[in-house]
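Accompanying notes for the structure given below.
Every chain is named by a letter (A, B, C and D) in the order it is written, and numbering of its residues begins at 1.
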């Protein structure tokens, strides 16, 4: 499989994961290891920046995965920019997953504020990975202002509804010149596989792994599904054909030939 | 993962494959090896029973996979029974995939003739694996007459339309006491994964592998997806929740706490 | 709109309705009137055949609609045949809606028993309207033995899930030479309209009307939707085109032309 | 049915229509009359403002429908504002359907520019009806700046793909305090009915009517479907219930009771 490249960094795995909702730091660690993920996002809110004893950050750093701080909880561009700068300092990385969601119920992203923040952060030297609605024009704009990838949603965060935005993801995938990472709503390995089959460059999964009865096993399932989806994409899937006409010879001819 | 058992035989792989539509016997062999399948179905029509030099059968026998002759092309119970007996003699197996499809266009199965043939074949000592419409009552009847599994279709053969019959498969899965193998229409790894996630015991895939641009790679993709789907099923998938309510603390509180 | 003809009888309305689940006989009567239906099915079980004071039958007879007794509750061909003969005598009609569902949970129909019963009833002079799974081969067989129409299901009875069987209904519609009436599962006017747009000759609706908060209004809504769907079918619907390319002239040209 | 009110104006019909793609002005006129629409949108580009002999405008004015100029073809806020002012002068109306789509292929709307233009136009005294992606946060923002309604898309313009954005429309409908009019992609009466059943306040349809083989009949079909959908919404639709359990008494009891 061809590797994925974002901002000159190569990733062997096309499965990105989160750190929220796990029952324990151990469960999280095991699960991330099983997922094979090389990029792990974590909310600034979840870090205890003033203490050395942080039980989320330490195991992640030991794993050697790339950390991707996110601005989850930010309600506008200003908060997101501030959080990004805080994260850069704390985690020593200029990568940021930009999340701005003023909506407390469905955590739907705010496209206008995201575009404003993206532009500002890119000027400040950040590698910006924006979480957005599956809006083709917005994704294009974010690409134009210098985002290194776009992260359109599949369905509302935590909903497990999969690729509800599919027809719009198709347009985004057709038009994008940067990697497209489907984020949010992926509830099962089949959703992840489908995203990759459609041509998505990667998926980000969190809830479906963290709240599974067996998080570690589920993470492995997602790893396999993402590999399956990418492999299928590279192997040339057939078209759906409702009118598949078949020219099978009836068995009678065969039976006749025997006698 | 728990192994699959059909008629006292254990299968490590939950991916069953076919032998049709490959460009060559070599492509078929490579592809089946990559799929990891342990059960391979082949049409009686495709065998050259009178000659030792058959280029389909020989490589399959060398691979050590279990051969499952099918009655593809049979238009009624009588033809299917005759073909089954012929296959038993030729391939030295009492297993048969029962396919009766009088419809030359969509190859949709004939439930009534299938039930008649299944009963007759079971009396003759066959292990019968019937390919049928996703009809819950028919599947129950086939189980009652002694079929060792049922093989409801996902969508028309060769259509790549996936699990079009999903709501009916759900009922079949809920009611079955024998393994349920989704057969026909599975066009992508995501379809295969979804079937397993729903609780299907196995899937049978042929066209999607055989006509891929890279059949070998595609077969590997299906292998991974089937493992992913089964693993996810055993790991406890979450529910789809449109109304996922979230109690995330806004970033402002966090930022306030810092200052 | 072209009228619908079943067994030489012409129907102005393509909406058939049931009589079950209404809060009262009055609610049923009002609702059926609002639906404009000319064919009304009723279960033999719901009639008090020994008394003149039946409060279901009387208002239906006064309305002048055609009564279609059904064999709901029959678990095999024998019971259905017996019920049909009873109904013929009691209601003085040789029409029967043949329903055989051994499954008490989802009321899924039994195709094999239905075919047996249909053949027997047709020999006895009945006009048989069989409720069946959306099984293309079975529908063809029923047509061949002399059924005057077929009634494939959209989704499980009472589920409101609409046309879950859509890809199979499409095949049935393509192949049928008798009217196809979609029965069961139609939960909203949009489902009914869609069935007619696809080319179904009629729909049968009961639960969605009877359990609505305002049954009379809902019945009117279904009447309008069925008319809309048929009208659209006859008016030539466009294809779904994901790749709709557009050659719209930009506004700038227009603005330029003004100056 | 309760009437629809936008900016203090009451509409008896919840079907809004367009004027594009008709074979002739006569076909357009007939079709709009058959649709019962009281609001008709037309592109500024399609008007011959310098001549009295315009063959689109005149018949519309004679019909007495409310004209809603749109800014179709505008690629940014500036162009859209200019076009709106031109339209206000030419058509003597301060209503405008705000369309900004820099994407020439799918005509997907630009949310950021739309928000900018909406704010500016509202300050200039316009009643702004913005065509936007089905983006819940954007719809909320447009409401906050004073838009009198929002017009989220169902699917790409002219695609006939229906309510592809359904899960997001559901969120918009739940959160909106202004009328929600589903615009673009509605390809069949069933789509229109579904939108109204979901709680949309109105739909705008153009292509599906204009390119039908019988535009006049198709327009009538949409009129009926919109009425059906609204009526159903007001009448209380039932839930979809996959697990509909049924307590039907078997026919045998009934038969037993007879003997």
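One rule holds for everything that comes next: a residue touches a chain if its C-beta (ideal position, glycine included) is under 8 Å from a C-beta of that chain, and two chains touch if they have at least 3 such contacts.
Computed from a prediction, not measured in an experiment: that's the story for all the values here.
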Homomeric contact chain A-chain D: same or different residue positions, threshold half: same
From chain A, the most remote chain by mean C-alpha position: C
Where chain B and chain C are represented by their mean Cα positions, the distance between them in whole Å: 33
Distance from the mean Cα position of chain D to that of chain B, given in whole angstrom: 45
For chain C, residues contacting two or more additional chains: 106, 156, 161, 167, 242
Chain D to chain C touching residues, read off their complex: 44-45, 49, 71-75, 79, 82-83, 86, 104-107, 156-162, 187-191, 193-194, 197, 207-208, 211-215, 217-218, 220-225, 227-229, 231-232, 234-242, 244-246, 248-252, 254-255, 258
Residues of chain B that touch chain C when the two form their complex: 101-103, 106, 108-112, 115, 133, 135-138, 140-141, 155-156, 161, 164-168, 171, 175
